[in-house]
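Letters are used for the chains, namely A, B, C, D and E, taken in the order the chains are written, and counting of residues starts over at 1 for each.
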Amino acid sequence: MKSQSTQRNLKSLLLNSEILAVVAILMALTFFLTTRGLPMVLTILVDFAVFAIITMSLNLETGFTGIPQFGRVLAVIAGAFAVGAIPGRLLAALMGLPAGLNYTIDTVQFQVSPELTAALSGSWMLSLLFLFICLVIAALSGAGIGWLTSRPAIRLREAYLGISLLAFGDFLMWVGHNWVPLVGGSTSVFVPDPFRIFGGARFEAVVIAIFLAALLVYAYLNRLTVSPFGRALKMVRDNEVSASAAGKDIVKIRTQSLVIGSMLAAIAGGLYVIYTGTVTAMGYSRLVWTFWPWAFMMLGGIGSTAGMLLGVMVLTIMRTLITVYRFEVFGFLMAWGINPLWLEFTLMGAVIIGVILFLPHGLVPEKVQSILPASRVNSILSKGFGAKLQ
Amino acid sequence: MSNLLATENVTKKFGGLAAVNDVSITVKQHTFTMLIGPNGCGKTTLINCCTGILKPTEGRVLLGDTDITGWPTHKIYEVGFVRTFQIPLPFLGLTVLDNVLGAMRNSGEAPLKAPHRRLWLKEEENNMERAMAVLHRVRLDKHWNKPSHTLGAAQLKMLEVAKGLAAGAKLIALDEPIGGVDPASADEILSHVSALKNEGLTFLVVEHRIDIAAPYADYIYAMDLGRLISQGTPQQVLGDPKVIEVYLGKGATEAC
Amino acid sequence: MAPWLATGLIYASALALAAGGITLLYMSTRTFNFAHASMATIGFYVIYTGSVLGGGTPYRYFPLAFLIGGLLGVICYYGLNRPLLKRRAVEITLMMSTLGYDLILLSVIQMYCDYLTFSRRLFPRRVSMSIYDFELLGVSAATIILPLVAIVFLTALHLFLVKTRFGVAMRATIENPVLAGASGINADRVYMLAWVIGGGMAALGGAAMSMAITGTPVLGMNSIPFMFAGAIFGGLHSLYGGILGGFVIGMTEYAGVFYLSQIFGPWVLGYRMGIPLLLMAATLLIFPRGLAGIPWAALVRNLFGKKGGIRV
Amino acid sequence: PRRAAPAPGPTEHTVVALLPLTGALTTFGENSSKVAELAAADVNEWLTKNNKNWRMNLVIDDCATDPPTGLRKMTSWHGEGARFFVGPMSSGVAREVLAFAGANSILYASPSSTAPGLAMEGDWLFRFCPSDAIQGPAIARLIQEAGVEHLIFVWRGDTWGDGLQKATADALANTAVQIYPELVRYDPGLEAFTVQAALLNDYVGDLVRKGVSVDKIGIAIIAFEEIAPFFTAANAHPRLRQLAWFGSDGTAFSAALIGDPTASRFAIDTKFASTKARPEALVAQSNYERVAQHVYQELGRVTDSYSFNTYDIVWSFARAIDEVGYDSAKVKEILPRVADEWSRTYGASGHVVLNAAGDRAFADYNILVVNDKLVWENVGYFDSRADLIKWTRPIY
Amino acid sequence: MLKINKLNSGYGKLQVLYDLSIEIPEKGITVVVGPNGAGKTTLLCSIMGIADVSSGEVEFQGNSIRALPSYLLARQGISYVPQMGNVFAELSVRDNLQMAGYLLPTAKAKKKAEQMTVMFPVLKKFIDRKAATLSGGERRMLAVAMGLMKDPKLMLLDELSTDLAPIIAEKVISEVARLRDELGITILLVEQMAKRALEIGDTAYLLVSGGVRFAGKARELLNEPELCNMYLGIKQPAAQNIPSIEGSR
């Protein structure tokens, strides 16, 4: 009896989607490492990590809670703009440099930003502290925007909410583009670089840091959602009336989900601008920061956190491959006057459609199973249910 | 026996139509109280008013000594009053077991506590034991691990009842718990309800299948067109000519 | 005529057509059609290609634009929407599938532009359709013709939906395909017709829009938030709501930015998309089902002091 | 395929052209991509003729004028081993990739980024066009030549437009020209301009009411191809047709303007004058004509001024790589010298002298107007060292 | 009229019905009874082409209808009243009735709808309300009305009496008998009020776990106390027709 159950455990461990996902990802990366070298792997990893966080946060709101979050870019912008606008100013103010409304103006930036970066690259303590402050500020502004979006989310339903969020995501981008003191308007603002201290290994360090952040977010979300809280989210998603009859405060749960999700997305936005070292308002388009995460989520499997990792990884690798090999593989199309350049859209579109048609539940379908560990479930089941009630 | 639930002159209007009109009922502790009446007389609406799904236009709803009029549904759940739905509203993406577990209390629902499994695991285990026992009684234990969207109509109804029974409330309102359920299972469900009553719970039950349900009832209220038309022990109410005329029909008269 | 009015009218008519198409598709297939963006762009390229290569006024090619839009709709229906509806896919899946379709159409548009650029020596990536327009009663013909086209078309559509059982059948089918089938409604035909009309309206909208603003391969992609906004502003459960919403969004954008920039200065220009959006958000927060969900009768009754609350 | 004829024997070195083939700058991107192909073919021909052991592998990719897309493309190609990039064209994208390029020793050279804020020493960005700090004075001088006393600004609200507007305004700061306080900045994605035109008309009306005569009022418009719809909209206001309008290198040689009857008529009426970098005394071997011809053949249009820079960038990279190998750090050191040497004779854009920040040091500007035959005509040039305009056909 | 031969069907991988054979004679009421989950609804779904049929034959008036979509079945004269989802909740009562008469000429549909509102006066009262706001029983009445309106040759009725007050339930069941007697409509009736159904029925099938447990005359099933007791909860001997209210415990 015992050996049988250990066997079953082993089997379920092997079939466990999370483990499968990790194995698949590691295999793909090893392949790239051996065939194309480290820079390629790092390139994939950094893209992967940023979008993994965003996609997982999207999944929390959409997959678990059923909020049609078509304004993911809102929270990403909140994080990116906050990190672009605030920590640099703080540091500049500390150092006695211009930090007011004109901080973001092109010509001022041009003088201030090298000094800030120089200060950071001199001290580990300062760099670390700066990074920490950036993340905290991103998280706070993300939580703020999450809370704000949760207000209409109480009243608006489905498409009404989704499209409002989508439209306001576009709008926020325009605000950043037009209001210069925020992030420099059209002429982006620099973000002082806390990773400059790594010198020549800066790129590697940033990538590893963001990658670790993504793993942490994964671990956190996994624990957060495989719990009664996660179940409550799904109840709200499946049926609000019934969920409130089961004692769930719909407003509170939707708010919690939006705040946590937006916070994570904003952290991703913050990490991204630390990585690029600059914030350009026009860079936060819905295609990149809302629709791609949606595509990743659909591929990964709505409602499954592990699936998100796999979905993001697969599509990231695919997009990189498309970029790099387009001309080699599809060059023959030029004969008909078709530029393989456009295949990126064709292929992304085809992948989205293919996934929806042939893998409707994604690579890792949502698990419909108990949140208790299998062993405990089995022991409860084996006790029989005549047990007393109440 | 003291009053557990009392409605005081509850009225609910939809536009011009008074679906519930000046209804005062009381549900005594540890009883199986039934609410009957022809279709559209306002039974479901009355329960909706009591449980916060709808806000009464006029009147008060008291649970014990607390005035719960107009409270949101989840708060009413908090104070120990749950209900089931006439047309089942399952959580389609969850398993049968999770449907039931979700209707129970667990402190792990706080997002700050949720990531720390230790803090709620024990609770969850106890809940599961109880949930399985309830499922056993409504004959769904075999299906505990199925997604609820694969259940048939009556099974969904039973699941709905199971959710209500497992919630750990002192007062449970069941809206047509045995509609579409086969007589044998229906008997089983009701006798389980009866056992729970004896353990100290209180039930308010709406049901049309008088032949099966009436024997379990302690007290019956009959409504018509939004108003109370009769109340009393089953014999009194079912023998009441008014009830027979609008509700039971001539066929049943002969039997009585 | 106020300077903004001419462009505003054309733009608003275009949005009304496009938003009406979105609403129609949503009502009949629960699909929020992202491909509306590229379908609109294709509508524009149809009249552009026609005017450049075929000659004559652009208006001659509007019916063709409608047909091609309808064809794209049919392809979307049979290739994507139908299998998904059969599977009873959820709303967001339907929505995402059209995004995939949109991306493919977008790449087709780009390829087509390549063709026009390299083989035909044209400038398809930045087109002012207004140069093909003519003058009518002292203004550009588009200012008169397009609002008329929109009104006539939308009225005809409205009548078609109201006077025949088709409108009801459409809503019935999407809500409960099983029962609709059992009632003898051919779901396939209903959905397909909706896609033909919806796709056609998208193309018409894009074609009309290009008479007011510069046509580019991303014409639709840039204006899709406004088409969507129009649809939800009006209310997704009513075709006339969608049309009204599109029109109001289009007009407020132009009128709003014009008057506000005169009052507050030209910095307002940068925030122009915020004007209709804020109006929309404010309306939706009070009436979550959009313009068509506003209980006008009750409002009016309230205004005149009669008793009885507004029910939303 | 796009790759320019690689021979089997020699090693291939990849140079990626990151150009905006979608989005607002498409026309520029298309021109430059054709020119980059031409340059790569020329380079490879030269390499073959001289029996060199390497060939240039030119890849063209689209960055859509979108910063994250540009960065993603650059990281992808960097992962593939590419270390040299031609482009991106817009300053926004150039800035987004700055940190990444710096940390990974990626050398990139933009044919068209002009934002003064990117004029930094020691970064990995070279710019083969002068920064706005040089074009601004040219436009300012033009405005003064026209006898304008009150200037209204309207410009495209992106990195380029904002920068050039600021540079022009700065150059006008200590002159007699007064800048109208209301500044009309429009969305770069905007495609309809009735409102903007109406506002301008209001402002002109305002000035006229204050007693300024119409011939003392000018409008400086800093725009790209949207100049055509803008003029169409402005044409609705007769008063706007009476003023002098000034453009920039964004509008010089605009094909869209020529193609639009209303707009081109408007340009003629308003003596719409645009500045355009002037190749410094082209020598006979210059590739200027070759580039212009090529684009005309391929695309049937007059190419824009930046595409000449693109040609020179590809060649400068090739010459430098030939000297020190495919090593971006070393190339970075010698690129200014190489560019100087090569372009002195062959430069399509004339002699390229890069300053300490890696930007083109100075340049003269041609003055271009649309003439009655609907062609762009060169009527004089701005001498940047002397700060004056030398007219060949005075228009004011 | 309807003949089902060796039917195997279910939902996706899940098989519900096993080698099921049923025959529905013309102009009679065939009653299908059985405990929950036996597959009664699945049987009707298989006829209508909604469930997944893996093998077996379904013949209607001698023609195979297995591969036909349900709208064609409706056009052949089969009317189906599902157990769940039997009204268009988002449509008004009027539109619901209009949809039910989709295949009829407009004038006739109007007349039929009129008749239905006479039969169920509630419907007339609530004619412009959304069906979603009807009470459970009112909804069921609407569903039944919609089924009756269609002027069918064969009616498939799934659990008519659920949610109905006894007085209405009785009315509906006797209406079913009247349809057979006066209009000669063939009816397949699935009922949980087994006893009453069997009384008016002609033929009966008892379905248990996806197979036929009993087939024969309806009255005969009532005379099988063991089956009645075990599966239908009918505890009294068949002779006593009327349900007693208090006596069963």
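Basically, contacts are C-beta pairs under 8 Å (C-beta built on N, C-alpha and C of every residue); 3 or more make two chains touch, one makes a residue touch a chain.
Please read these numbers as outputs of a predicted model, since none were measured by experiment.
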| item | value |
| --- | --- |
| Subunit C to subunit D, fewest steps along touching chains | 1 |
| Chain labels contacting subunit D and also subunit E | C |
| Chain whose Cα centroid lies at the greatest distance from that of subunit A | E |
| Centroid distance [mean C-alpha coordinates] between subunit E and subunit C, Å | 44 |
| Rounded Å distance, subunit B centre to subunit C centre (Cα mean) | 47 |
| Length of the line joining the C-alpha centres of subunit A and subunit D, rounded to whole Å | 37 |
| Shared interface positions of subunit A, touching two or more other chains | 174, 177-178, 341 |
| Chains touching one another, given as label pairs in label order | A-B, A-C, A-D, B-E, C-D, C-E |
| Subunit D - residues contacting subunit C, complex | 22-23, 26-27, 30, 157, 182-187, 189-192, 194-199, 201-202, 225-226, 228-229, 232-233, 236-237, 255-256, 259-263, 298-301 |
| Of subunit A, residues touching subunit C in the complex | 62, 68, 152, 155-160, 162-164, 166-168, 170-171, 174-175, 177-179, 286-287, 291, 294-295, 298, 302, 337-339, 341-346, 348-353, 356-357, 360 |
| Of subunit A, residues touching subunit D in the complex | 36-37, 39-44, 46-47, 106-107, 109-110, 114, 174, 177-178, 185-188, 193, 202-203, 206, 275-278, 280, 282-285, 288-289, 319-320, 323-324, 327-328, 331-332, 334, 340-341 |
| Subunit B residues within the subunit A interface of the complex | 51-53, 72-75, 77-78, 82-85, 89-95, 97-98, 101-103, 105-111, 113-117, 120-121, 124-125, 128-130, 132-136, 141, 145, 147, 163, 167-168, 196, 199-201 |
| Partner subunit B, residues of subunit E touching it in the complex | 11, 14, 34-37, 41-42, 83-84, 122, 133-138, 140-141, 159, 162-171, 192, 194, 230-234, 242-246, 248-249 |
